[in-house]
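Below are two complexes that have chain A in common, paired first with chain B and then with chain C.
Let's turn to the complex of A and B:
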């Protein structure tokens, strides 16, 4: 749509600006403030330069947490995106069953995150959980509070359970917007099922899949509640992701300076990667609308 | 039928409401069908953990710990009774609902005019502002937990519903702006111009004509604000202690000295699923479009 230039539109945006500035800029400035100061208590602060940033960059703790986080995000993206597309392709296209599937699939998305954790905590326990009990019965040594592999498997299974539907719903919406004429043409050309997917469905889904990947990347990168409830970051530090480590540092040990420096770098990493996604997304958008 | 101009969101409505049924089936014949088996397996995977939670909530603690059974041997509602009769339990639900509703109202009120501005006008810095809004959706709540705690404590709002509602605006306002902007794009600009020529003032035009046109978009945005405020725990837990404590935080009470009260924990979990399940039903055809930020 061609937009009119109108500087007065700023007045319409003003309420949002004020509100978000209050709830984002002020707290962020507090963080910046802490990140360059040190204290010996009693609320007396002195200038500390960039020491905390140096410390954090040299500490193994942050790099390890970052490494675990990257591995986790990559694994869940690698599972959820193909699986979501696959589920979307198999969904009923209309009528009662389509609504039925939509409602059931959205259900995990609406469950408070700590309840998601609780569900899997119960589900995976060897003594009272269906999953844990079954695995134990077939002779697999499974205990997510002690085993490294079991803990990771549980956290990943939980995230797949929680969020695959989001990818599926988006891919489904993309599929629904393909005109029937495309499929008709494919039929006339006797295109194989794979060719239909590769040359008709996938290109039409690119836009929504980018949004899905962006959302999943952002949310998995700041995951806190679910793994915290299930494993508490353990065993050892095996599932201590960035947010868990950060909360431990800031609220648990009250190391404000390092935690603040950590926060800022964490935020910057997310922003940088998301910016790349966003640029690709808007470019796709523009190409679509020019067509 | 393929060339009719469709309303925003129409693309994601399964089942067609505009054409005669036999014509629709004829046109849909070329779509490759899905496998019911795959869907059945996937839904089974989704529902099994939820079933297990419901199963646990209907058992007594002795049965949960003592025996392993796929369904409750003796169905008991005592766990639900515990929650619904104890004020410190059910007030958790009331608190959660209060701040969720407050947050939805605030987010929509400020997001509506902003989304209109983004969808209709270009002004200095609009693109940067738009991306800046999105960065707030990306901000990890863990980063903001401590500063929020200090900010709201210093202005005396700690442990109030409005504090949590305002804190959740951090990610809900940008989201609402994005979704609404996507829906508003679908409304032709000629409608605005005609209304102005007819002598409508901006507020009157916006409320009487424009808002009814994007009613479904407002519904979806409200749903998403509701949803993200409802599922968030870290900020709401940090900003409350007693008076505004959300249900999600109350649930940690079950971890007592005598071990975990699994039955009550499961029952509390089941009760938190219900509000979500209720609202899903109303927006089921628009969920995908909302997640796509109105860009399908």
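Let's turn to the complex of A and C:
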């Protein structure tokens, strides 16, 4: 086929360039701008090189927040993925109850983040909350505003409550795509329940589970609203995750330079990890189609 | 290996079946003899697969019992029945190699490793995939996957029965012959009870000792290929088996005389018919062309030359009729009727064959 060369075609790309510039590139550049400058007030800025980046890399505060963040994401992935798969395996396959379960499962996903936070904030209160009061009544020392373990348990339970449905729904979709003949053949082959899971269900779910893990990882790595509403990052800094710390730094202390450097690094970390996920996933896909 | 008895078996997918039409499988009593190879033949949707799934236990029959060697297994789960079954569409375990796929049913039965290796090697050779044993099953072609499915069905030597549910649909023709030959050989070597479901009459007739023809949820005839050809018990068997199928004529039958469209002729034996719809069935192989007003009036529509013989399509009493004539020799130009070879005449009432009354049936 002969292609005609017409440089005017560039004008067709222009709207997208403008849109992306205003929505992403220019705001990002202001952050970049702050990250390499310092000010003593009066809106006068001067060049500061990479000092803020250096400072942040040497700050215990950021490393601690990152550490908490990694621990948090690992724990919720370790709970939500197996739990979601377990729930999906036990959901009815068809009929009225299948639809009923689907609606029930998707309810938590529809609730806004700050409402979820508020629900758990009240639910966990020792004076009026059902959970907090009950735990207190049976003699468990539970107070998420003071206890380190109680705070973490509450934040994790809240995330599991909010997001296990997502994993379950994705896993359920994967399970639904398995033809009945596979289960029949497995019965004929006298496969155990575990073998059916290991060799039929799990392979068919791999694709959707990778997506679930990626989504849950990115989302949990950026978590802000829910713990902010429940614990406000406390007690002390116990549940101060990266986003909470960043907002404290940028808006609480108005340290725009360090906060900008911090957010750029945060952005790069998420990009890097998502890229690794993406590469692994596409490689898996390729391997499947190539064979 | 076992003799499989179906006692008063019927199945309906509806919770509360009332009329006969509600049943996917109408009540039947049947014994599948130990060590015989059966073909289950019928058009799509006639209940073949339902019957197979009931035997293997994938489906619990709504009525009646299933017995293996006299033991009631109606409520026994599939795994307990120890049956091999191959489905129409390939089922392979993607993450396993071909070898692991074939070994899977054996490993589930906790056989010793050496025994597994021997059986897998043997079945690998049987399906012609020895070279690919260590490949991942994912990404193989559909017919290779189906060969693995077949292999998994055949790998256990101690199964009670082997059931095949149209297993060769996705396999290409020359491989079909090859695999069918392998199945027959497997049957000769081990004497498993085999039931082979198909809607392809050639496949059924070449595979089986006994062919079971099903129609509308009912077994209409069980017999050798020859019996099905010469004495179809039901008009469905007549036109489903044979190419082209049996010709049917509305007729009046009284004793040894039959009348079709005003022309009467002798039957080989006397028949007594009731008040139902009486038909005379004659396979195209037994229809002869007649001249000079001697037979049932007929007009030639067209002639198809299929190589071995010619098929003459005629119109008789408004319906289409086929006759086979040899490839050599010329057709008379003034054909105006057909006559029947007495050996090939069957009489039907309401679709079921009527036996000659005096028992002096001509062979």
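We take it that the second predicted complex is superposed on the first by the 266 of 291 C-alpha atoms of A that agree within 3 Å, B and C clash if a C-alpha of one lies under 4 Å from a C-alpha of the other, contacts with A are read in each partner's own complex, and residues count from 1 in each chain.
Keep in mind that, in the parts below, contacts are C-beta pairs under 8 Å (C-beta built on N, C-alpha and C of every residue); 3 or more make two chains touch, one makes a residue touch a chain.
Please read these numbers as outputs of a predicted model, since none were measured by experiment.
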Requested in this report: On the superposed three-chain arrangement, identify whether chain B or chain C touches more chain A residues.
Outcome: B
Report task. Based on the superposed arrangement, let me know which partner A:169 touches: chain B (first), chain C (second), both, or neither? Result -> first
**Report entry** First (chain B), second (chain C), both or neither touched by A:108
**Finding:** first
Query raised in the report: Between chain B (first) and chain C (second), which, if any, makes contact with A:187: first, second, both or neither?
Result: both
Requested in this report: Could you say whether A:250 touches chain B, chain C, both of them, or neither, answering first, second, both or neither?
Outcome: first
Requested in this report: Please identify the positions on chain A that touch both chain B and chain C, taking each partner from its own complex.
Outcome: 179, 181, 184, 187
Query raised in the report: Given the complex with chain A, which residues does chain B contribute to the contact?
Result: 2, 11-12, 14-16, 27-28, 30-36, 38-39, 42-43, 45-50, 52-53, 56, 64-65, 68, 70, 106, 109-111, 113-114, 116-124, 126, 129, 131, 133-148, 150-151, 166-167, 169-170, 173-174, 177, 185, 189, 227, 230-234, 238, 247-248, 251, 262, 265-266, 269, 272-273, 275-277, 279-281, 284-285, 287-289, 291-293, 295-296
Query raised in the report: Can you list the residues on chain A that touch chain C in the complex?
Result: 179, 181-182, 184-185, 187-192, 195, 199-200, 203, 288-291
Query raised in the report: Inside the complex, what are the residues of chain A that reach chain B?
Result: 1, 3-10, 12-13, 15-17, 19-20, 22-24, 26-28, 30-31, 86-87, 89-95, 98-99, 101-115, 118-120, 122-123, 127-131, 133, 161, 165-166, 169-170, 172-174, 176-177, 179-181, 183-184, 186-187, 193, 196, 207-208, 211-212, 215, 218, 221-222, 224-225, 242-244, 246-247, 250-251, 256, 259, 263, 266-267, 270-271, 274-275, 278, 285
Query - Residue numbers on chain C that touch chain A, as the complex places them - result: 53, 56-58, 77-79, 82-85, 87, 89, 91, 93-96, 104-105, 108-109, 136, 138-139, 149, 152-153
